[in-house]
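Below, chain A partners chain B and then partners chain C, in two separate complexes.
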Partner chain A sequence: MSAPLTRPRRKNPVLATRMPTLPPGGRSRAALGLTAAAAEGRFALQTCAECGTVQYPPREACHRCLSVRLPWRTQDGAGQLLAHTQLHHSNDLFFRERLPWRLGMVRLDAGATVVAHLHGDVPGAPARVRVGAMLDRAGQAVLVAMPDKETPNMSDDRQLREMTCDPRFRKALVTDGKTALGQAVARALVQAGADIVWVGQAEPWKKLPGFDELLALPQVTAVALDVTDSRSVTELAGEIGGKVDIVVNTAEYHRATGIGARVGVETARSEMDVNYFGLLRLAQAFGPALRARAADGQSSACAWVNLLSIFALANFPAHGTFSASKAAALSLSQCLRAEMRPQGVRVVNVFPGPIDDEWNQLLPPPKLAPATLAGAVVKALRDGVEDVYPGDVAQEWLERWRDNPKALEREIAG
Partner chain B sequence: MTRRRLGYDDVVVAAPVTVPYVRYSIRAAHWFVARALAGLLQRAGLPKEAVDGVCVSSFTLAPDSAIGLMQHLGLSPRWLDWLPVGGASGVLALRRAARAVQCGDADVVACIAADTNHVDSFRLTLSNFSMFARDAVYPYGAGGPNASFAFLTDHYMRTYGATRADFGKLCVAQRDSALRNPVALFRKPLTLDEYLDARPIADPLHLFDCVMPCAGADAFLVLHRDRAEALGLPHARLLGTIERHNAFADDPIQVRGGWVADRDDLYAQAGVGPADVDLMQAYDDYPVITLMQIEDLGFCAKGDGPAFVRGHRFTTDGDFPLNTSGGQLSVGQAGCAGGYLGVVETIRQLTDDAGARQVPHARVGLVSGFGMINFDRGLATGAALLGRAA
Partner chain C sequence: MTMTSTTPAPTPAPTPAATPAGTVAPSPGAATLASLVAGLLDGRIRVVDLTQTLAPEFPQIVLPPEMGQCLPFRIEEISRYDDRGPGWYWNNFSCGEHTGTHFDAPVHWISGRDLPDNAVDTVPVQRLIGPACVIDCSREAAADADFLLTKAFVLDWESKHGRIPPRAWVLMRTDWSRRTDPVEYQNFDETGQHTPGPDAEVARFLVEERDVLGFGSEAIGTDAGQGFHQRPPYPCHYYMHGAGRYGLQCLTNLDLLPPTGAVVIAPPLKIRQGSGSPLRVLALVPGA
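And now, the complex of A and B:
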């Protein structure tokens, strides 16, 4: 079993904060197929469309039949550990700071040999293992050989934690903690073992059900935060920016309207102000401190979560301006991801289908319960993924969008 | 049915040259190539213009390749080859140059392997070694070949019962030879206890299992026997050679190399058998590979390597002289020159040019090459049998 994680000691303010380093991030374009699947938490390998050979490392052609039709197929990862080693020396700074480091060579039952990071609970070779693909701190997919069966405190493995963003013993900011979703996310973070959860509220005078009960939790503290107000954002960042390990941006403005149903741009402007400019303000104020603390010990700064919408992929005309603001936020989030990656801070984009709240009242079920969505956020942090499509509606839209984005555009328009 | 291969007739190898190894150098690889070429010319008493064939191996010549070197060094050969294939460089160069000379495409071929080593070159070479290495090995701890050979060693030990002491016996014997090699970088005696007590690098590999990257060059000439005799050059005959790439790709992990596929061909072409071999130069970046070569080139059955080690002595006065220069483990690994070390040592031994480490009465020498850990295993294997000139 892995040694259970313990609460880190208070940081000694005299010591220098360790600068973030990254594992080697160079990859060929072929190998980025592995990253694309790992970003959603899947382990996929090239599987030849003509002869069925499963191959690794990724190639430009099938090594058996030379076909260049090599779709990526999800693997179960079952395999046999053939050999293992523990590195006591590395040529790379990131690993040098984290030695010793366990590695294994695994023969997948699907028929390829892989080199993988080796979980501490896997005994020496020979052993059965399950190989998965995860994003490392460089944001690139790596393979991890895990124990065949669940072991106690499995997620506390020292090497595994270098790839995940587990909220346990970390401090999180939920940018709007007052909505049903914001409250659910704050509760889920507390349940996941977060030390402190700051919940933002833009309008302290507004009473919303459940909020007082949330604030009664010892880990939860309300803070003033209006993401449409640059000064409010900057002031909060000055106060707690250097302590926040995880930002979950739940602030959202949502009205059900297209173009013709409403005169003027005020609603659309408000949506943009919260959904797009709000993210920009937060990223500018909180981003630098997060990046600086990305290697700050066991509870380093590690993740930024954006609540987007599946409508960011293709416009849903009934909620047309909202969709547009989420598309803008998605684009900005890709920029944020690129800027956070050099320090290894993960940007997680969540693309839910309609949430079961007042603004989606007229949409038919299935709708996503706030608690379900909050659970998906915590799971994404624990699994270290960066793109999440929670719920049946999101999954179906994603499938349709991947299959044929033009067809989806027509289908949504009704 | 495979056609019978032609022999190498009167092709000979001569003029072994080593540009002394250094741990680090501020020079470019070109400097080492130039020193090696000058050494060849001086040794043979030939003007530069007489070299009409050139074969170069290097990992650190970038952005140049062999062709750029021709202008750099003022050469105008009518035959040129570029073989940056690491540990297989020596045998592959030998094979190609021999056919060029035999067929008259070149008269005097200078085969040169040279690499420099700046303080950070090894890391840079590793991180860009190959597409598979960059995608599927280097991001995993960046241990370089240490990690790859740790897997092979771990698996070999468990499968065939080899112990650290078996590997240690080889390393200690090679160090004994290195003490009598003036260009070896390791000049301190090594005991088995020191070997066993060394610090771990990548379990089960410890310090003395790992080659030390360095800068240096090795070179030799391939030419017709008549030419060598006219120049008064001591030389060795080329009896037989093989090479093989990406052999046994379906083996889940490497326990054998391509030698197994081709060794019968090697001995048949040379007209000798394993029992006729007086000394062996195996590729020894890590001792597990030496055991694999002893097995795969027919000195014992697969898996009997540990017993073979326990039953033989590998020093120059032993019953199985092995890596008599000290091998890479005690001389150093100067990049691609590591693949030449065995060739120049074999020529020296067969021309009584090995000084204090001379193996008496050596008539047949076997040199083996192994190179390019592209992903999980070495891809290139080769071997050559050389004979004392009649």
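And now, the complex of A and C:
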């Protein structure tokens, strides 16, 4: 079993904070197929459409029949550990700081043989293992061989934690803690073992149900934060930026209108101001602090979560201006991801379908309960994924969008 | 033009005439202005700032979220002696017409929409300076956040301080501006906002029987927090603007004004067809 995680000791302020290093991040375009699947928590390998060979590492052509028709197929990862070793020396800066490091060779039941990082609970070869693809600190897919069966404190494994962003003993900021979603996310983080959850509060004179009860939790502290006010954002970053390990941006402005249903631009402007510029303000203020602490011990700064919308992929005309603001936020979050990746801070984009709230009142079910969505956020952090499409609506839209974005555009327009 | 003498010309003339000393004789108006300037200089006239500072955290009016919203004050730096502009500091700001201490023009309300000269750019400038009657309701507002100013209260005030002259601002002093915590200032509960203001009868009375210039308050609106539930809804807006009168809200320092005798200077920004505007409100008051 893995040693259970314990609350880290207070940082010794005399010692320099370790600067972030990354594992090797270069990948061929073919290999990025592995990353694309791992970003969603899937392990996929090229499977030859001609001869059925499952191949690894990814290549431009099938190594058996030279076909270039190599669709990516999700794998269950079951396999046999053939050999294992433990690194005690590395000239790579990232691994050098994390020695010793376990590696093994696994023969997948699907056919390919892979080199994988070995979870500490995997016994010596030969052994049954389950291989998964995870994003490492460089944001690239790597393979991890896990024990065949669950072991105690499995997620606390030292090597595994280099791939994940577990909220346990970490400090998180939920940028809008007043909404039902913000409250649910804060509660889920507390349940996941977060030490401190700061919840942003804009316009404190507006009371929303449940907020006072949330503040009764000992881990939860309200902070003044209005993402439309640059000074408010920079002030809070000055106060707590150096302590925040995880930012969950739940701040959202949502009104259900398209172009013709509402005269003027003021509502759309407010949506952009919160959903797009709010993210920009937060990223400018909190991004540098998180990056600086990306290797700060066990509870390092590790993740930035954006609550986007599945409507960011394709405009839902009934909520047209909201969709546009979320598309803008998606684009900006890709920029944020690019700027956070050199230090290994993960940017997680969550694309929910309609949430069961007042602004989606007239949309038919299924709608995501805020608590369900909050659970998906915590799971994403624990699993170390960076793209999450929680719920049936999001999954269906994603599938249709990937299959044919033009068709989805027409279908949604009705 | 420099005044060398404040002595009126011995014989009034229709046009300024040269005095024996070669200077122009001041008109009565010039003499008054000279006296005003002298009073400002020597402290016989003090200037009191009735304006709240424009800042992002100052609250704005709250409407149901599905409605259009008045934007709060926001400010973004353009440069501050840095790479964005090496030698200078400046900002862009944005806000609604009804953000912070602000002026309401008649066109703001549906009852005043067809009146002449009803927007901030067309309001006659002569009306932007006027006398003020300050009605102290601070004790009543402290006891009851929903306190409504009534006609009887005003008549009682007049019995002590004299009749409200025509074309005067009536300023309702509640000391509400001392609530520096925005939550206390807004004072919301599940039934909405609780702030003091005038009742419907007194709003109408001030317009029709006292011919006031407008009504000013310390709270977020000229109407009470629960003004939507009066008949008509928001009576102060309805009657004042319906008769071409103005509003001032989010005022402060009304406790520094005498009940009568102060002069309020309240020119809004000249926004084309603007319904209101943030502004600097100053009061001239007699010095000690």
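Please note the rule applied: the second predicted complex is superposed on the first by the 414 of 414 C-alpha atoms of A that agree within 3 Å, B and C clash if a C-alpha of one lies under 4 Å from a C-alpha of the other, contacts with A are read in each partner's own complex, and residues count from 1 in each chain.
Methods note: contacts are C-beta pairs under 8 Å (C-beta built on N, C-alpha and C of every residue); 3 or more make two chains touch, one makes a residue touch a chain.
Quick caveat: nothing in here was measured; it's all calculated off a predicted structure.
Shared-chain residue A:82: touches chain B; no touch with chain C.
In the overlay built on the shared chain, the residue A:24 is in contact with chain B alone; chain C does not reach it. In the superposed pair of complexes, A:379 makes contact with neither chain B nor chain C. Comparing chain C and chain B on the residues of chain A they touch gives the larger count to B.
By the touch criterion stated above, A:230 is placed in contact with chain C alone, chain B being left untouched.
Contacts of A:205 after superposition on the shared chain: chain C is touched, whereas chain B is not. Judged by the touch definition given at the top, the superposed model places A:270 against chain C, while chain B stays out of reach.
Shared-chain residue A:255: touches chain C; no touch with chain B.
Touching chain A in their complex are the following residues of chain C: 56-57, 59, 62, 66, 68-69, 71-72, 74-77, 182-183, 185-190.
Across the interface of their complex, chain A is touched by residues 122-123, 126-128, 131-132, 134-144, 146-147, 150-152, 154-155, 158, 199-205, 249, 252-253, 375-376 of chain B. Across the complex, chain C is touched by residues 203-207, 224, 226, 228-232, 255, 264, 266-267, 270 of chain A.
Contact residues on chain A toward chain B in their complex (touch as defined above): 23-28, 30-31, 56-58, 63, 80, 82-92, 94-95, 101, 103, 105, 107, 113-117, 125-126, 136, 138, 140, 142.
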